[in-house]
Amino acid sequence: MKHIAQVLLAAFKAHLIATFQYRVQEGMQMIGLLVESLIYLVVWTTVAKARGGEVGGFSTDEIAGYFIAWMFVRNITTGWSPYAMEWRIRRGDFNSLLLRPVHPIFADTSEMLASKAVAMITVIPAMIALALVFKPRFELVPWSLVALIPALILAFVLRYVLMYVLALTAFWTTRLGGLFELWYGVEFFFSGRVAPLTVLPEWAQQVANLLPFKWMFYFPLELLLGRSQPDEMLFGFAMQILWLTVMVLLIRFVWRRATRRYAAVGG
Amino acid sequence: MDSAVSVHDLSKTYIVHERSSGVRAAVRGIFRRQKKEVKAVQAINFEIQPGEIVGFLGPNGAGKTTTLKMLSGLLYPTGGEARVLGHLPHLRERQYLRQITLVTGQRNQLIWDIPAADSYDLFKAIYEIDPDLYKRTVEEFVEILDMKDLVRKPVRNLSLGERMKVEIAGSLLHHPRVLFLDEPTLGLDVPMQRRVRKFIAEYSQREGATVLLSSHYMADVEALCRRVIVIHQGGILFDGDLSALAARFTSHKKVIVKPADQSLDLSGYGEIVESELGSVSFRVPKSEVPGMTARLLAEVPIVDLAVEDPPIEDVIDVVFAKGAIE
Amino acid sequence: MHYLRLIWTYLRLSALNELQYRANLLVQMFNSVLGLAIGLAGLALVFSQTDSLAGWGPLELLVVVGVHTLIGGIIKSVIQPNMYQIAEGVQEGNLDYILTKPEDSQLLVSITRFELWRLVDVLVGLGVLIFAVSRLGQGIGLGEAVAFSVVLLCGGLIFYSFWLAIATTSFWVVRTWAIYEMFDRLYQAGRWPVGIYPSWLRFGLTFLVPVAFAVTVPAEALTARLTPLYLALALGMAALALVAARWFWHFGLRHYSGASA
């Protein structure tokens, strides 16, 4: 176990250095994140204003706060895009990773964490800038913020593993297309990314509770905004752990099939 | 006659970003990066006549590829001047580009998903090749390189050797006058290497094309080039006949002896480098060769004796290791 | 003319090649429908809460969605694959081959690939447009149709220039898929009319402006909002974008060839 920790730390350092090299590219990822949150911030504040200052239980300022905090949570929970995965497999990058004595997911994790650390350098100032412009309103509730930390970690792990599983399907088909788009589409609505879940119709909110997406995004976001009640928080953690168990089982299953299936492509 | 390639004081200096290792240096690297100058090519001079096949030899990083890139117009020189067919390559004039071709081992220019024949059609359009000439050329190349089935298959379905064949054929469709070849036989098996070399040699002879070849494989250079230019650390170390290279750079010769009695110990006659199957090879300083061979012949019953130049590989190794003329 | 023949040759070859892969057509149809469903769901969500968004009603926003899908189809079939190829070419070193060809490099890198099946989005977008416009009941005359086509073309050119500029940055930056993703995100801005952004923001965000502009303005042409000013602006922007992109491409090339030293 200690060995793994050492390896992770070394990998993290190496990736941190690498990430600093790719300044422009990190910048691009930042822009993507910023733009997406900005679009929906503007859309929903417009809607709120048209309704006289409220939508889905959020006032206009609170909606602004939602989407600013959105940036923070989104940065934490993004993972390897399936296209990146496909690219790596096509280029045969996976070969060297598979030959290492440590499971590839660890190398990827450290790289992921390193890039998030660097991304935060841009996200935080961006959040501040947006806050100055849109003057959001939210509450900083101490116990909520404490609960946020494990919630964020679990959310990241959950989403990361799920994305990894999905990306592994790249071993079976070199044209990923449909599956991912469907996944993204569903996640888009049921995670709270396009709008707070309270804006959704009643039936959709029920569905959202059953799917894992809410627990990967909306749940920590609510904690950050101080909008959660203690019992909701406990329920949220329970769901996160439940889904995590499912994911771990799933990835072990898929990984075994994937490595068996793996043929060096694009050498 | 005007030279095909004329190079005066050609130089290329790169600015490379340097950084020490560690996280703190990496962070500093966001705001300011240290620069270092690398002189890849330093004031080189040479002339190449039309129809010559010249080999560029040199270790990695010596400046061969940089020189080739400057001559083909891919890189701007930092100093001096290069003229190819009277043009300044870096201007990338259409008239110039029509007359040259670049072939790089293991990198494809044919479109991956479609048959080579279709990519050839594209080249026809780009180079504005006369349709009749094009048809004849394609037929000819297909025949010579035995590519009838290959050109109909998508390039990605071909093996490495097959791919190289269709690539080289494609690069010569427009009958270029100057060929820039950078490691063209990289990764190919021996028979395929020979095929490719033959094709290039014949093309050059028939069309009077000038060939600049950069390769690690001595076999490529030996087979195709009479003249070699050795580039080392950005400068020209040697420019002349390949045979003269050995003569100039080595102080030793190889003496191979087949004694009648194979059990004899001949170590007293000189430095033995190889001993197998009844044949003993000595490494002998040039000046001592007459004396040593005379002694051997006089004192030991010999079945066969030969005096050879050391293999070119060894010569090159010596050249690069010493980096100077002995 | 030589250039037209060249472009036609490329298109023909790519199309013929793509026709072999009928599975791709199915995947594309699935994706198009899915994309449309997501767009419509987003619209439905907004209009479950309000009747108008910055003065645009549901049918009018449907027009925006139609234009967005249509242009998206053009981008994905003609523009995006080539830009992706540029980034790859720079990284793999294949760009050298383009540079030693006696043809304008920008032209060559822009036409190497053509993904035929992505045109399904164009059809879907057109379908949505026709549906929405017919429901609006205002009808469109010849003038509007022409204006729409002109502005649509401008939009296409703006996107081409924009994408080319992004691809040009690969001369300095290495990983290509980040570019792909960033544009996908940016393009989402086009789903909503420019009018929702506060005016100061509109001009401040140079990234959003071309995207939103290039989609909103054609939509305005079909919903009787297009003013001569905006038509002129569209033309002007397209021209400016083309010039800027070409300049940047050559700037990037010079850097690649080590000319800046």
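Per-chain residue numbering starts at 1, and chain names A, B and C are given in the order in which the chains are listed.
One rule holds in what follows: a residue touches a chain if its C-beta (ideal position, glycine included) is under 8 Å from a C-beta of that chain, and two chains touch if they have at least 3 such contacts.
In this text, all values refer to a predicted model and were calculated from it rather than measured experimentally.
From the centre of chain A, which chain's CA centre is farthest?
It is B.
Using only alpha carbons, which chain's centroid is the nearest to the whole structure's centroid?
Answer for the innermost chain: C.
Return the distance between the CA-based centres of chain B and chain C, expressed in whole Å.
The computed centroid separation for chain B versus chain C comes out at 45 Å.
In whole angstrom, how far does the Cα centroid of chain A sit from the Cα centroid of chain B?
51
Taking the mean of the CA coordinates per chain, how far is chain A from chain C in Å?
About 27 Å, centre to centre.
Considering only the defined contacts, which chain A positions touch chain C in the complex?
22, 24-25, 28-29, 31-33, 35-36, 38-39, 42-43, 46-47, 50-51, 55-56, 81, 83-84, 87, 175, 177-178, 181-182, 185, 188-189, 194-195, 199-201
Tell me, which parts of chain C touch chain A in their complex?
Residues in contact with chain A: 24, 27-28, 30-31, 34-35, 37-38, 41-42, 45-46, 48-54, 169, 172-182, 184-186, 188-189, 191-192, 196-198, 201, 205, 207-208.
For chain C, which residues are in contact with chain B within the complex?
The touching residues are 2, 5-6, 9-10, 13-14, 16-17, 92-94, 96-97, 99-103, 108, 112, 254, 257-259, 261.
Which of the residues in chain B come into contact with chain C in the complex?
For this pair, the touching residues of chain B are 12-15, 69, 72-76, 78, 90, 92, 94-98, 100-102, 104, 107-109, 111, 113-114, 118, 121-122, 125-128.
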